[in-house]
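For clarity, chains are labelled A, B and C in written order, and residue numbers in each chain start from 1.
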Amino acid sequence: MTLRPLVLASLLALGAGSAWAEDMKMAVTTSFANSGLAEVLLPEIEKDTGITVQLLVVGTGQALALGAAGDVDAVLVHSRAAEEKWLAEGNGTHRREIMYNDFVIVGPAADPAGTKAKANALDAFAAIAEAQAPFVSRGDDSGTHKMELALWKDAGVDPAGEWYRAVGQGMGAALNTAAGMNAYILADRASWLNFGNKADLAIDFEGDPVLFNQYAYLPVNPEKHPHVKADLVEKLEDWLVSDTAKGLIEGYKIADQQLFVFNAQPK
Amino acid sequence: MNDIWQGLAQALRLVLGLDADLIEISGLSLQVSLGATLIASVIGLPLGAWLAINRFRARRVVIAVLNALMGLPPVVVGLFVYVLLSRSGPFGVLGLLFTPTAMVIAQVIIITPIIASIAHQAIRDLWADYHDLLISLNTSRAQRIRTLLWDGRRALMTASLAGFGRAIGEVGAIMIVGGNIDHVTRVLTTAIALETGKGEFGLALALGFVLISLAVLVNLAVHFLSRTERSGRW
Amino acid sequence: MVGSILPLALEDITLRRAGKVILGPLSWVLDGAGITVVMGPNGSGKTSFLRAMHGLERVNAGRIAWAAPLEAVRARQAFVFQTPILMRRSVVDCIAYPLRLDGVARKTARARAAEAAAKVGLGAMLEQPAQVLSGGEKQKLALARALVRGPELLFLDEPCANLDGRATREIEAILRDAREGGTRIVMSTHDHGQARRLADDILFLYNGRLVETGPKAVLLETPTTPEMTAFINGELLP
């Protein structure tokens, strides 16, 4: 068994993590990670603060659950109602708004439900339901999913039936499904622009302020979980609301489109 | 079809260009899966042999449970290990969640039943072959187990390789307990899931080809090493 | 040196399988020298009889008494099966295996095994895998392995049942050698010719019972029971 020394060596290597670096873990939504903004911000954060931010890319529901369990030090998500409930349960210290992007209604380029002509997002959603046009829902309790459900509710539609497909997966997988079925889907603009498999899909409706998507930074409560790295979390928050961050966030463009609007308020 | 060619071409570019990220995640894939295979073999092979030779009352139940565990969805294992290792769980203080160690633990749970079960079958068949001879030669129990493990070593290696194959291709459990953190717990399978999610099918396929090549290479290496042993082919 | 493990006394031994008696009740004393051939039609209990004496089958009733402690008895007898059980090893390692069990050093064990292999005509194929040998070679290998510890008592269960004339002749020569060397042999066969060629004594089993026993000359020429008479004459027994 000549393999043994090799395997033992690798086992030993497993034990030794990067203990010397200042690591913290942050759970973020898939839409944030898929936007590509993280890849711009993380190296700058490391350069300015010395903090290596380890991202756990999950849905908003799971991100908040990881925070509640103390498995991450902070959470960056976009679902206000869920965030406030999470704070009320004592899981975090506070909620700091950082930036927003917006959702768009992506659908077949031919727009069979006629959403392009609608005045607002609710009418566009109602038109999709009216036409029974195929619609892919995230169905995963993510921020995007919650936004979508709120829109159906406000549009007075109970989304159910053959045309409504809840896939229970992340933004990318849901977009893949929509591309495969040539269906409508609610997506954040960043994920959509970064998505590599657009097929016949295009943005059919955009621009209604209802579709704005506020990202907030939530530190995990150190009183509940004493092991969280509260000092690093605070340092990161200071950086995220700084002018440096503002410049990077607003300067981030895909296909010449600005994705995020910085709106953090000074304390 | 076009995606597949693109994927192959991209895989070649990544491998030939010795892409640093690729080497890092491939290395971690190997580390985690080989580590898990080693630990699972140390547990599973003797367990399988022991079940094959010993007759005890709960034996059938143990074997049935083992076989059932082979079909355990990795996601369930991942969730189970997550709950145990979470800061809110019983082993939270160890701070193992989202580390390669957590991934090894999850994979050990997934592949130990496979290795034990295949080892059990192999040793059981060999024991049926050898039974009368070993009794006739007046062997002690320890001598019997040693003989069966040695003469069955090729089948046992197959058992370990089957476990390795399952481990290196596994994504559900290590995604949950590892978290797919870049430069920390990202391995080939979770990277593939990530790129697929981004709709980057070409890159995802490229990583898939690297994964397959890696698995084939490990198998070939093991067979090559075992062939150079003295006692030839069986 | 412990004294002989013989005589072996069987007292009313009975073997049942699934509630059915397949052997016995049977009493017999194994002693002296030479080759005892156990004869009888299929299903008469020959195999069970040999296995019970060797300790491979537990008797359901009766007593098996050896002249020596059980540990010595186990170490000083060997068994050759009708279908040879070969290990997944080379010829020389197969023969060396019993010596290795006794704690003989690997090199010594292999040297002695090579000698034993040469004696049975396998000297040219020491490093070949045992499982690729021909039927006759496999049985000779099994015989060499059985003899390598120099057993006092050797059981063989139809050792030539599946072999051609040449292989049978070679095996019989090895057995005669072993007898000359002082090994007490008990073997079963349903081949009358083999019994005539090898046996000193014959023991005839029918339906699990010991019907007749005695020296070869007497038993084969003047059987006293109708079953033995019919069997000798080549009639089909019910």
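The rule is short, and it goes like this: a residue touches a chain if its C-beta (ideal position, glycine included) is under 8 Å from a C-beta of that chain, and two chains touch if they have at least 3 such contacts.
All values reported here derive from a predicted model rather than from experimental measurement.
**Q** According to the touch definition, list the chains common to the neighbour sets of chain A and chain C.
**A** Shared contacts of chain A and chain C: B.
**Q** Which chain is most central here if centres come from C-alpha coordinates alone?
**A** Of all chains shown, the one whose C-alpha centre lies nearest the global C-alpha mean is B.
**Q** Out of every possible chain pairing, name the one holding the most C-beta contact pairs.
**A** Per-pair contact counts point to A-B as the maximum.
**Q** Quick one: report the Å distance separating chain A from chain C, using the average Cα coordinate of each chain.
**A** 79
**Q** Cα centroid separation between chain B and chain C, in whole Å?
**A** Computed from C-alpha means, the inter-chain centre distance equals 47 Å.
**Q** Which whole number of Å gives the spacing of the CA centres of chain A and chain B?
**A** The computed centroid separation for chain A versus chain B comes out at 33 Å.
**Q** Quick check: in the complex, which residue numbers of chain C touch chain B?
**A** 54-56, 74-75, 78-79, 81, 85, 87-90, 93, 97-98, 101, 127, 129, 131
**Q** Which residues of chain A touch chain B in the complex?
**A** By the definition above, chain A touches chain B via 1-4, 6-7, 10-11, 13-15, 17-18, 25, 30, 34, 54-57, 68-71, 170-173, 175-176, 179, 194-198, 225, 227.
**Q** Report the residues of chain B in contact with chain A in the complex, numbered from low to high.
**A** 30-32, 34-35, 37-38, 86-89, 92, 95, 97-101, 104, 179-182, 184, 194, 196-202, 222, 225
**Q** Where on chain B does chain C make contact in their complex?
**A** Going through chain B, the ones touching chain C are 126, 129-130, 132-133, 135-139, 143, 147, 151, 231-234.
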